[in-house]
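Each of the two complexes below includes chain A, the first together with chain B, the second together with chain C.
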Partner chain A sequence: MTELTPVKLNLSPATRLTLLLVTVILVCALFLTWNVKASWAFTLEFRGQKLISMVLVGIFIAISTLLFQTISQNRILTPSIMGFDALYILIQSIMIVVVGASSYSILNEYTKWAIEISIMTGMMLLLSKFLFRDSAQSIQLLILSGVVLGICLSSINGLVFRMMDPSQSVVAQDAFFASFSSPPMALLQVSCLILLSCLVFLYRYHHQLDVLSLGEQTAHSLGINYSRLTQHVLILIAILVGMSTALVGPITFLGLLVVHLAYQLAGSYKHKILLPFAAILGVLVLVLGEFILQHVVAFNTRLSIVIECVGGVVFLALIIKQAKS
Partner chain B sequence: MIELKNVALSYGHKQVLNDINLTLADTGLTSIIGPNGSGKSSCLGLMSRLQKASAGEVLLDNCPIQHIPANQLAKQLSILRQDNHTNARIQVKDLITFGRYPYHQGRPSEQDLKIVEQCIEYVDLRDVQDRFIDQLSGGQRQRVFIAMVLAQDTRTILLDEPLNNLDIKHSVSIMKQLRKTCDELNKQVVVVLHDINFAAHYSDTIIALKNGEVIANGSPAEIMQDSVLSHIYDMHITVTDIQGKPTCLFYS
Partner chain C sequence: MTKMTLYWALAFVSLIITSLLVGTITLDSANFDWLLLSQTRIPRTIAIILSGMSLSVAGVIMQMLANNKFVEPTTTGTVEWAILGMLLLLIFYPQASLTVKLSVSVLFSIVGAVSFLLLIKKLHTRSVIMVPLVGIIYAGIIGAVVNFIAYQQDLMQFVWVWIQGDFSMILQGRYELLWIAGLLTFLAYFIADRFTLVGLGKNVATNLGLNYSYVFAIGITLVASIAGITVVIAGVLPFLGLIVPNIVSLYFGDNLRRSIPLIACLGAMLALVCDILARILVHPFEIPVGVIMGVVGSVVFLGLLLRQTCHD
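And now, the complex of A and B:
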């Protein structure tokens, strides 16, 4: 039997990025046009809106996780460890209890969003103001406080949830679980704005993030204003996580997967490459997952399960392959 | 010129540095020696503003160091700490190019790359320049970080135990390199060293710390005395003249 010599892929990061981009566009097109049963106009509008929200969420989650790992110098953490989504859920619960289930459902999306974002960034600012003392130890302290706070917040949320009446708890349940059904247009608009400003920020600061990944002291020595940069990035993370949670509910598991795939596949340590790579991967995984959910398993399971299943297998395969070589 | 005025540093109740007054010359190689825990690294940390003094002030060219904008300071003063590790999978050459970051802000020019080339040559890393940093030995990695600091091309260079993990050949070559940097490029180099003989042979000035205080400060000839060294390290040390160089023998 003739043995195949394994083809050594030696592509430049830019080529890899382009390939990935082409793939994701193909997958999106497939998602929009596969197996159309209703009228084209309706299907495209319906799927299009879903697609936009998936694109936004995929980007938000991937970028927030990557940024969080860079500033924490730790590759197994995601922003969810800081209790960002616990806080989001608690805000929802409290709003439901305070204004009532029916008025919560018809609450102006902009108001709701403004409340959520200001509380979440406010907490981040408070935490970093009290705990951030200009060194890597304090970022550990910050994360640790976030963990404790997150646990505390989910316990409070459990309490609030038990005190709700049945109609309120149904609305709350709906708000807690990730679904891409149909986020309101207003949220999508705000998200696009956020995405834009996030891109501007990252375009200006991506090279500083590269220096940050060399470690805190090296970054200091190379003239990075460590505490200011870290605080800005933390606030950006808070906004991104808040936004993606507002769009579809908490699904931070995605972040760990795509960020690690990006580390493995992007072929570069530079955030210039890593950030878009992870973001596109995030979109790809979400859209593929939703596609499988719709057409292969016919909505018999949840998106998270599809992603964890398929993504997990791909991830393990990559690690095993790397260990062998 | 670096000046420390009545500088003290404490971690909680533990007083690490106590009323330090030092003025370091504009050029030349200064070694800081002393027993473990005497505050050498903290002292260097204060000079580089990686650590903040609990009392007193640190002046660089008569300006309090924390008032100098970060990016400007990075062109005047560079520091290499003891533990340097990075999670990023990065190639040797790319890492050294980061030394030029204060100048290029993410976009290295031809000139920057030329300086990086020279630094790679200096520290004898040409063979491994395309390797990833996690594929290097401890000594090679140490040299990579030294090259990065050299590439930063600052007037003042602070190095915390740069000879860690280095074999004799590379220790000597690094010290010679630092000596050359002082003599030819008029730079100020401050190193924390454990090997007294290295300090004596290559330095212009030796500063000895003990229990957070400066207990000796002078030329190698002044420090390389039985009584001074024995007092610093609390053990009997004999200084012998070997080929005209004061050398201390502490193996007994």
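And now, the complex of A and C:
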């Protein structure tokens, strides 16, 4: 990421943010216009749709991870490692089995979305009861439980998948392996709407989030309604994770990668800076990564697989670092 | 106690008989096909028992080596390394014989087991939870590398089908190498005492006169060989080596001389139950047993973890 070198100089957070924003706009423009072979109208529409979904996913994942780390007071947690992606996929399978393949395919996108989000939010709230019982000691156990729960859910999904009839399994496969290239229009619309309301929420509450990151005790004594705020944030996280999974399928470690880069580079602990910084970094990593994969190295692979490798190593390094200190 | 033993033995025998009779064609007195029995059902049942036994014992040995109750070859990257080895073999030397495949798989398993144990040694943690967590992530990373290569070579489907534990393709003449795994399990029983000592930690073991690194090396070879062989013949059977030793240790403690036979029997029984389920759930079709084992195993694993919290 050579573009980020000037950020290491002694610059104010606002300048860093602006620099990053300029970089990401340049990269997006490059992504849209580089090496156009077909007609411009077609290329722009094709790449534009892909770009929009990447931008949305980058923002969703970065923000949800940052918020999750803030409320859980732990810097190696990410919501997607806790089995939420697996849950999303399982919900798809069960819906297909319950309503049947043909009705699933013509099921209203909005209805589908409402079912997914309500189940995931419910699950998140259930888990949060467990999470905040004594977060300091049992956090490692909680992560492991989340990971195993994820394995458990995806095994159940494997079982359900095997028990489907062939027409159902074709539809299911399509639902599991959504990729950047083909997000349904309805989903993009809902996502934009979510993004807007999310921004409004974060704009109103970013001061409170700063206080929240000081810990439960401090937050209480500074007059924050702790449990209410965390519950709201958790619901927001569930929605964001659900949306990003619905758009592109599971990407486990992107959030972790991006949020840690943001901690290092943003030069501020305020959510006013951190949130947009992480979000833009998320977009940058996705778009730049996709661009490099497609045009520079011309690699025949999926970006998500590369991100899994890199992010996994980062995660491991973080754990080892934490264990040592 | 003897009455209990009798009940368990009866359960084991009835599971074996069920496994012999149940399948796409159900065998009974009116419809008895000796050829079917000898060519597929008997080999299949033997293969299940051998894999169940050897994997559970491999799990418990790995737990002793890692000094942690929540690890086993499929959750620590050992099996992923074996898969990586097989994938590379398929790409660069597709005409390899079964012996070559087996050696490569075992060799890569050894690399996997050693690298994981080095990793947790570097971690310097005695946290019960951290070690399995690191193991799962490590396995995930190796898995991602496998996916990366397989995707490049258009072999995703091959890997996907092949890694799932499945006994439906076992025929007379296609499972016999599993006897090696069975033999290794037997060997493990003979040096069980030494593994019990290794489980007490390096200092205690050395103090008690054990050649620690020697036994450690034997342990790694045993675990890796069993994991490597079963992966080649039957595919991945997740969590078996994790849940069976833990359940046995809840009731009978950690003296391996006493518990290895129990672990082996319970492992074989659990594998039989899962395989019978795999055959009857969508009868007349089959579900790979690895899928069923994933569900059963992860649920039990979760239960064991939460039980741990209640006790802490």
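We take it that the second predicted complex is superposed on the first by the 252 of 325 C-alpha atoms of A that agree within 3 Å, B and C clash if a C-alpha of one lies under 4 Å from a C-alpha of the other, contacts with A are read in each partner's own complex, and residues count from 1 in each chain.
Convention: a residue touches a chain if its C-beta (ideal position, glycine included) is under 8 Å from a C-beta of that chain, and two chains touch if they have at least 3 such contacts.
Being a predicted model, the structure only gives us computed values, none of them experimental.
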item: First (chain B), second (chain C), both or neither touched by A:223; value: first
item: Touched partner set for A:263, first chain B, second chain C, both or neither; value: first
item: Partner chain in contact with A:75 - chain B first, chain C second, else both or neither; value: first
item: First, second, both or neither for A:215, with chain B first and chain C second; value: first
item: Partner chain(s) touched by A:151 [first = chain B, second = chain C, both, neither]; value: second
item: Which of chain B and chain C A:316 touches, first, second, both or neither; value: second
item: Which of chain B and chain C A:206 touches, first, second, both or neither; value: first
item: Superposed model, chain A: greater residue contact from chain B or chain C; value: C
item: First (chain B), second (chain C), both or neither touched by A:34; value: neither
item: Complex contact set, residues of chain C against chain A; value: 70, 122-125, 127, 129-130, 132-134, 136-138, 140-141, 144-145, 147-148, 151-152, 238, 281-282, 287-288, 291-292, 294-295, 297-299, 301-302, 305-306, 308-309
item: Partner chain A, residues of chain B touching it in the complex; value: 48-50, 52, 70-75, 78-81, 84-90, 94-95, 98-99, 101-102, 105-107, 148-149, 152
item: Contact footprint of chain B on chain A as seen in their complex; value: 73-75, 134, 206-208, 210-211, 213-215, 217-218, 220-225, 263, 269
item: Of all residues in chain A, those that touch chain C in their complex; value: 138, 140-141, 143-145, 147-149, 151-152, 154-156, 158-159, 162-163, 252, 299-302, 305-306, 308-309, 312-313, 315-316, 319-320, 323-324
